[in-house]
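Both complexes below contain chain A, partnered by chain B and then by chain C.
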Partner chain A sequence: MPSTAIRTARINGPGLLTIVVCALLWEVLVRGGVIQYSYLPAPTAILAGLYELLSTGQLWADTAHTLQAVIMGWAIAVATGIALGLMLGVSPMLRRYSLASIEVLRPMPGIAFVPVALLLFGFSLKTELVVIVLPALWPVLINTMGGVAGVHPRLFEVGATFRLSRASVVVKIVIPAALPSILVGLRLSLTLALVLAIVAEMVGNPTGLGYAVVRDQQALRPALMFADVIVIGILGILLNQALMQLIWWLFPAASRRTRGA
Partner chain B sequence: MSAPATAAEPRFDPSPAHDLLFSCSGVSVVLSHAVGDRKILDDITFDVHRGEVFTIVGPSGTGKTTLIRVLGGLTPAATGSVHINGRLLSGPPEEAVIVFQDYSHALLQWRTVARNVAFGLEGRMVQAEIDERVHSAVELVKLDKNANDYPWQLSGGMQQRVQIARALAVRPSVLLMDEPFAALDAMTKATLQDELHRVRDETGTSIIFVTHDIEEAVYLGDRIAVITGSPGRIARTFEVDLPKPRDQIATRQLPAFLEFRYAVHQAIGLDAHA
Partner chain C sequence: MRAFIKRMGPLLVNLPPLRGLLPLVAFLVVWQLVQPGPSPYFPGPFEWWRATLRLAHRTDLAAAFLSTATTFLLGLALAIVFGGVMGVLIGVSAFINRALHPLLEFMRAIPPPATVPVAALLIGYNEAMKLVVIVLAALWPILLNTSAAVRQIDPLLLDVARTFRLRRADTIWRITVPSVVPALLLGIRVAIPLTIILALLVEMLTSLPGIGALMIQAQRNFQSSEVYALLVLIGLFGLIVNDAFVVIETVILRSWPPRVAGT
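Moving on to the complex of A and B:
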């Protein structure tokens, strides 16, 4: 059972049926004139819009840009978050000095940094990265710190009785023991990174899928706009699945311990 | 781990007796609690020789676990000194490995049995030697069929064997065992007691074994130290001259076994607490 390589390949029939029924209902209501908004297209119109986006090639360029921003921002957040989380996790003194600052910074809505980032970096990928990294950092940092601080004290004594160096204790005990918790942080952070990239593109850097939504809205092309939104949704699902799969391949034992988290 | 802060005695020159492994003299331990300092152990003096099974028995709260931690270099002694192979102990010695009671916390749950056993060897020898040592340690505790299982897939007794194998793999001179079988059922316990004797016979490893089970202390021990009171002191020591190899049924029925059991009971003074 745990050797199944791709666990998500099974198709969820009843779940799919619900979606199809909802789409049909939507189609019927719009076509029958029950719902009347000037800019609410029917699902078939959205599909046609999706086809149009795919055929012009614009969609690929937009997706590639957003994907790049998400991956880069997430990677920076992950590297920084794990490093800081480990330091804070192993050192109660460091925690005493910095937890207050973290609790002040953490609830700040990252999007409030857009004007600041725009002033500093203009319409650029850097602006986007600033908006992504600051909020996406916290889930990684907090989960890493919590995971490390939660390592059972006995394990440190095991490290001591086998005369491990401090560095070996971190590499062989602390990180693996905290890994399930760190992985939860990585997943939360990735989801957040996509949301932030889209927002940053909507209000800051005018490129990518976030800007595509705004662009098609301003062009009064609601079918294209909805198609953009659907693409963003699919991107989110794919990113999460890709990460889950990666974790499954890299850390089979740890992903068994985090399943459902 | 820092050296004992107040090793007040002049540096003790141990006797060159070849088989002397551990030598504890006048050890006391004071632990700080929120409410203040508390003396856990007082004036503990004993020697342990090579290949010997030295059992330490006493009621709970007498500092038995603390004593194991002192011998393993995890807790410094407040006064007195511990020598291992003639060296003053300061921090975990390479000759000794502690086997903890709570195997579920002491094992690395993310590693297989084989990789748990390899834990103390990594980075200290070539991979081929690690593999060879892991193989023989795992075989010694009869877990060869489970080498690729994770600890959580094993029973409690098997998990405790993994911990014993992990300790044996580094080829220590002495195993420091802190009530290792206390959480196991009676049958598993009996099996592991016999395996421990077999391991000692095959490897010559000394064993310092803490327990609150009097019969276990008598059955396993070549010598027994009875530790009582708070702070804990050694009330008596016994030389156990029961025949070897010991046998779960025959040994336990010997009049001499029953006499030892009675004598240890008396030394602990159980009726006084009843």
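Moving on to the complex of A and C:
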């Protein structure tokens, strides 16, 4: 079932009420001067900030940049991750001789690459891509490898019976069987890619939504800053939904087995 | 997410054979050999070692490391407490779940790094801010895993509680809490890398003392070998913490569910 459409269509009364009550309480407390934070804007002020961002067009430019970095970085990570994952999944020998290296590199916090990338590429999109690709690679690689290694041996026997070549075994048997697992990797990786793009823009390349948050913070414009953060949150939700929808269109069967993971 | 971790389980528990380190070692050796003199961008691994010694000599290394590690541990502990308690409450009550679900979904969707400037502006540049940011990020995997596990408790167990006429609080304490421990541990495993990343990011952005601050400082001074040295250090830290937690998890789960005498 196209879960996303149905889930949003069902209206959650108590859930909406909670959000409205929280926002109202926030508004009243800030306007009434009960909360003494000088930089906490009321929700209405944040909405006004959002409107200001939308009307100046700055928001669109920032969003476009971040989106571009996320999608480019994600695409590179996915292509590399699936290729390496397939190789490692198909060959137990290769796996034995490289798994420990992967396990040593994998826990490296992605953000630690920011200074290295900055040294090499300066304030550029390349810096951002390095910071996105290296960490976003792992979920795809590990899931592809795990999915391929977990393909039932009988399926390989079927391939042998049909005298399929090694290449067609991979294309016709291995990839379809590992697809649900690979798709989980793609989703994890996309979420990571957005987080890392924001990080890279905050510390490295000064453009995009990540930089917008820092810029508005340093300009002491909290309403704009909150609006930036909300836009980032919405972008994250939309990206995830778009990917789910795409997966649903392209691989309906696999997407059913992927859900909930 | 959980299927992913489950699949990782055996890989990590039976740590992969050491010969798998071969490609990494070969890569570093080639790097060193290709590198005849000091390079501004790709200093060889020996240079990293010398930079580590230099950093240690300036004595700020141990303190910075301690500061990052303390923040990491405190943040993780707070996230476990909040995430565990909220997860159980949300899982136990369908109404609380329904009421909080949309709000929590939205908060979870906000990439944690974006909360750093917000927290800095509201709370200021101090330890409390570091912890708030980290807890806000590390909370979700723990909370969601726990509440999902509460909902998947075998109904038979709850029937047993009803048969014994246990009070609601007793049911939660004796049945719900022990049943969610494995899921809680999974959540913590996901939260650990997030916690390390956030600790470093806060330090990079705010220059609060720590490894992150040292890294960004080294980068600004174009001390590339120091940058690589710190990268290796933080990588080792991540590796040790991850492996240590896998061991802890294996030990706890080996005797789970806890056997009561006489059963």
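Observations on the model:
We adopt the following convention: the second predicted complex is superposed on the first by the 247 of 261 C-alpha atoms of A that agree within 3 Å, B and C clash if a C-alpha of one lies under 4 Å from a C-alpha of the other, contacts with A are read in each partner's own complex, and residues count from 1 in each chain.
By our rule, a residue touches a chain if its C-beta (ideal position, glycine included) is under 8 Å from a C-beta of that chain, and two chains touch if they have at least 3 such contacts.
Predicted model, so just to flag it, every value in this text is computed and none were measured.
In the superposition on chain A, contact is made by A:14 with chain C only, not with chain B.
Of the two partner chains placed by superposition, only chain C is touched by A:210; chain B is not.
By the document's definition of touching, of the two partners only chain B reaches A:173; chain C does not. In the superposition on chain A, A:152 makes contact with chain B only, not with chain C. By the touch criterion stated above, A:162 is placed in contact with chain B alone, chain C being left untouched.
Between chain B and chain C, the partner in contact with more residues of chain A is C.
Look at A:103: by the touch rule set out above, it reaches chain C but stays clear of chain B. Shared-chain residue A:24: touches no atom of chain B or chain C. Common to the chain B and chain C interfaces on chain A is no residue.
Those residues of chain A whose C-beta lies close enough to touch chain C in the complex are 12, 14-19, 22, 37, 39-40, 95-105, 107-116, 118-120, 139, 142-143, 146, 150, 181, 184-185, 188, 194-195, 198-199, 202-203, 209-210, 213-214, 216-217, 220, 222, 225-226, 228-230, 232-234, 236-237, 240, 261.
Here chain A touches chain B in the complex through residues 152, 154-155, 157-158, 160-163, 168, 172-173, 176-177, 179, 253-254, 257, going by the rule given at the top. Contacts from chain B toward chain A in the complex involve residues 1, 72-74, 92, 94, 96-98, 100, 102, 105-106, 108-111, 119-120, 122-123, 150, 170. Only residues 1-4, 7-8, 11-12, 15-24, 41, 95, 98-103, 106-107, 109-118, 120-122, 193, 196-197, 200-201, 204-205, 212, 215-216, 218-219, 222, 224, 227-228, 230-231, 234-235, 238-239, 241-242 of chain C touch chain A when the two sit together in their complex.
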